[in-house]
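In the part that follows, the structures are each spelled out as structure tokens.
Two complexes follow with subunit A in common, the first pairing it with subunit B and the second with subunit C.
Coming up: the complex of A and B.
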């Protein structure tokens, strides 16, 4: 979580105002998050959902809004939204409604988006997330943001503007893909909090499988609503920041916007209720030019979809075709362990530090890797975690690899750690072996140990012989050893000599 | 032959007395000789003949697909038909060829029906005259009937003889005219506020609007999604039951269709109506109702009374709010439904290319007529945030009250409601266009649209000829999903009133043939 916890200039700035200004500012941040539902087909049509398919190759008659076509709700999308709602402690509405939201845009073929404006599928939830104070891993605090609602809605297509030829190309592959819009209440106060909340949400979605939630592929899109006000006063005018395509940029964009608003107000200006885009290259937000004034979306009930009725075990009608119903209880019982539970279990089961559990979960597949290693080694989990986080993870980061792509498998690492545990090699040697393993040349730890002569010498006579040789080599030197007061011989110099005379097999 | 009911023709096909291709040819040539009616926008001669040939092969093998096999039908041009133009009588969709069939079209084709072509309508089905389409108005076949010609004496000799023709009503006027002029044996219309029943009444045919949710709307280009129902136009009630049976049932592509299985039914001959309770809603005694129709209505009530049925006056107190309520709900959905016509994916696109927005504006200005544009504008007005509560929400509440009126009446033991379908018989085109579309629609839908608001099944049964020699129909409204009861009663009534057959010279010229005697047996005796 602290990977993004850079000491921002503006936090110093805010502190300055808090302590020295007569009128401190309180920033308020709310988020609207669109998560693409992981599903084979679209929300209301049978077209496939696939990232980076050839343009307009995944478009049904309905997606292209051919006259006379009708929406048919995708059960999988409903289940994903229910799952997500339950995981975010929401109450699930047994009856929710669909609405049309109208606006003209080239990538919105019907001229309206089907969404859930009046009664969404899930409401009144909460999300707990943790972040570290002062960028220190060891000082973590847990915060909660309220979830206002989760609504099902259609994604739009994509417009590609070719300014040179002054034409717009439209790709409808994405048009009609199912989205969950998660609306977070303005309970956050800085970029870091927003980033931590989104990261936690992302982990939850990925754990549930309800969304792949890869921001770079647009499966998770975050809009931030930002305002500042004086304590005790009503919330200030807010701006909406869009175009944020990574969690790191989210933190930057929010903090920039807070800073900008404070500066603006401090210098006597006003904040406009506007939409701004984050420019990741310049690191700032700029007004978006395409929206001319406030739009009236002319919401209307979607007449082609009956109310979405969900059941629980008690309300489930008898003789109902199970293909036709969604049972909330059934989904609840099958929810996987959520990240917070997983972390607690890791801490309890393996005795690792809470902050380590965060790091384990933050990296896709790392927990599984860790547990696989544990299963195959006698080394204590507390020691194993050090290898996982300090060695494996830093190598992965250095080479920008995912856990899946690691050239060192859990089997090889376990093998290596077992040799270390059995004192066949020293920990220094083990690090050397690890570095060799990383090259991915297909050698086993044993082969590397032998090849590099890294094994520890456990034979007493061998050791004595080597030491004698070192001492013999020192004959002409003035001081060989010193006697300490407590009678223990301190041989730093000699030890160093001995070590350097060997390839690396000593403690 | 051509004036026969579908059931009789179906029997003739089965017995080999007529071949599907011959039947199809006859219809096609009749379509040509009645071209002046402007009932069809597109005639799919080639595919129709091909379908007829396929049907003929099935009959020869002794394996017809059912009663619809080889039956020539027509479909209103707001249903999608794969490979055949679907225009909605609008510049916006002129030349548009859909890649898919509406579910109802597919079902008819799957049962061997022969699709002759697409029938004329008001642009996007917005109208009550079938006069406001880009392909021109539809002429009521009865304008050219011997019955009308005999009774309507031209006011002056200087007046153009041709200016006397009367409208079909609408918006499914093309389908009603097609069935009425014998160019097909059944046709699909759509019914949002009366668009099937109104022209059926004016053209002297049966027009059935089934319960909302009984027939799939998939592929019907919507007017008001929450009220649209595919309508059925036939020459008799039995035929309507057959077509209903072939179309009804759940469609996975339309989430508003009911899940329950629908069992097609045959109508029995009702012999005893004494257990029946017929409601006469007093509010349907509406301003502008012609005395002629009023008299016919009470005559019909007496008919039931004399046969032993209980006939009682009932009240549907919110009927009078129906017009304004309908106006708000209809235009709001129209504004929304028409948003997709932006010239990007299909249909008309303006040459204007200054910006995307200017292209949208020009496309929609060029593509839609005044009526459509007017409804889009008012609909968007009603949907504005500041107006939504005052208009849309209120209209929805009124709609609920209107629906509840029916629930109460049916709950009180009334089985069927009997009302007029239209205020008067069809009026001449020259007369009709003196008022604008909005005024006309408001007037003409008054007796029919409440059934759409409540989603109830309703049927027009041709009842008699007016003093001018034009058809007049009465409407029966039934309980939700009680089509069988509704049609059974309608059939009994149909049998009592013996509505006369249209006497068309065009048909006579074409309809010489082997089964002339049958026609006289089944219809000529009914002539009044």
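Coming up: the complex of A and C.
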């Protein structure tokens, strides 16, 4: 910041400086997502696909790139890519091509990756996702991101870096596993949007079964491309952020990178077109070493694979072997309900709010649990949902448990809710029973109610007698008794010492 | 490697790349040092001496003859086999479980892992290398 001696010019200069830095920045975020295809064997060979197996035990001669081996395409992988393309509203290319992308790395034994650079299997789709405004979960807004393309490609092996002995250990079990690369257009503007889009894609992939999309096991990998610019000006230089291991870290990495770029530009610096890694411990992005200048991948057609031809009902030739045919229409007819459709159906069928159905689908197994309870109880779905989301889910979260691991089964919860519906217990008592059930000691709601004497007293005379005794015992206090329409007496202002002298039934 | 050894054993007449006289081949300028250096980095190939570069130059000249063919309105072809059916395999596990055999090929191994250097060792820059290209 250069300051001239002249005071008048100084302040003008400072004004310009402040004005420039107050102009809004428009962040631009695009994502490249690699989803491991859920299949028994690899994309071009018959070795098994499995997480955490003994090193180099799931490797065929082709995966190890031994001379004389050839790629043979796995039909299941093609179907998975077509399913995903259809679910993301893409046009499926009836003819797609395979290419070689060349680069040297120890975990890429062939020296090239077979991918689909020129004509991928699916193009021009879209993904809709929901965001809550202000973290309140009460107002949800729907956004869309365009899908540029989906391509089939090979995964590389895994490198374990041993810095102590200055060497890398290579395990080729993952080399050759089928991947779907989903390329999103840069339609997003912040970490929250990126995270929500990836979460929705994850749910879609899991619903289709084309990928299990578990980020922790490397089945879903996300690289973010981030840049910033002023409105009306051309896009800024972008950086690529890698090494993002969870959806939470994705949001953090993107937001950090946006901030970093803004700070860099506002202090007069420039952004390098580079690859950066996200350091989850420090919560920041750092330049990646091993940068060898701009990569030239020397793409060439894969000479060992003719074009991949897909058919639909119209183009299907009459005498073809079924096993050799991938029929787009056949796959389309068998697509399961996507998450957005499931949510709409839940809202319509049970009268719950969109935010509720969003949470139901967001938690593995929660929708099934909810529907199981509904089947076994007379309580209205609109009331049941409160118990599922406020009570069950919060307990699960507190103890870091999944729905599958819940000590309270849908049967037990339904039983409890039935007793509440029949007014055998009050809602406060029901919460107590729920807390007891949570301990997982095998008691039924009825047993807990009897044990803790929580049953509501239905008899009017009994209640009046108890009330009178309380009033008699408290000369100076004012106790408010409220008679409910159905004759059950509630005493909202019972004092501590009174409460302890009465059975819990009045609480 | 095997190829080079076998070729070295026998005295074959070296093929020469002779362009057709009647065609006026549009040949680019002599292949520059920058391009050669770039190629050496990408493909980890060593042109070794001026004869190697000459062969490259002649090979490019030979391939340039393709420009003489009129390809207007013709779909590009990747291979003469591209109208064959791409065979689709069933998703069955049929291979793998040959760790010991694969590791026999490894010069160094640690507990069933292949051992590699810590990262890519980039080819040193032109100035720092022992290559005849520096003299060009």
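In the analysis below, the second predicted complex is superposed on the first by the 444 of 507 C-alpha atoms of A that agree within 3 Å, B and C clash if a C-alpha of one lies under 4 Å from a C-alpha of the other, contacts with A are read in each partner's own complex, and residues count from 1 in each chain.
Here is the rule we use: a contact is a pair of C-beta atoms (placed from the backbone, for glycine too) under 8 Å apart; a residue touches a chain by one contact, two chains touch by 3 or more.
All figures in this text were calculated on a predicted structure; none of them were measured in a lab.
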| item | value |
| --- | --- |
| First (subunit B), second (subunit C), both or neither touched by A:104 | both |
| Touched partner set for A:70, first subunit B, second subunit C, both or neither | first |
| Which of subunit B and subunit C A:112 touches, first, second, both or neither | first |
| Touching partner for A:299 - first (subunit B), second (subunit C), both, neither | first |
| First (subunit B), second (subunit C), both or neither touched by A:141 | neither |
| Touched partner set for A:326, first subunit B, second subunit C, both or neither | second |
| Subunit B versus subunit C as contact partner of A:364, first or second or both or neither | neither |
| Which of subunit B and subunit C A:171 touches, first, second, both or neither | second |
| Broader residue contact with subunit A after superposition on the shared chain, subunit B or subunit C | C |
| Interface residues of subunit A shared between complexes with subunit B and subunit C | 61, 64, 66, 72-73, 102, 104, 106, 168, 170, 296, 298, 303, 305-306, 324 |
| Contacting residues of subunit C [partner subunit A, same complex] | 38, 41-42, 44, 78-79, 81-99, 102-103, 105, 110-120, 122 |
| In the complex, subunit B residues that touch subunit A | 79-80, 86, 88, 93, 98-100, 102, 217-222, 224-226, 252-256, 259, 332-333, 335-336, 338-342, 344-346, 356-357, 360, 380, 383-385, 388, 392 |
| Subunit C-facing residues of subunit A, complex | 39-41, 45-48, 54-62, 64, 66, 72-78, 97, 102, 104-106, 159-163, 166-172, 289-290, 292, 296, 298, 301, 303, 305-309, 323-324, 326 |
| List of subunit A residues in touch with subunit B within their complex | 61, 64-73, 100, 102, 104, 106, 109-112, 168, 170, 296, 298-300, 303-306, 324 |
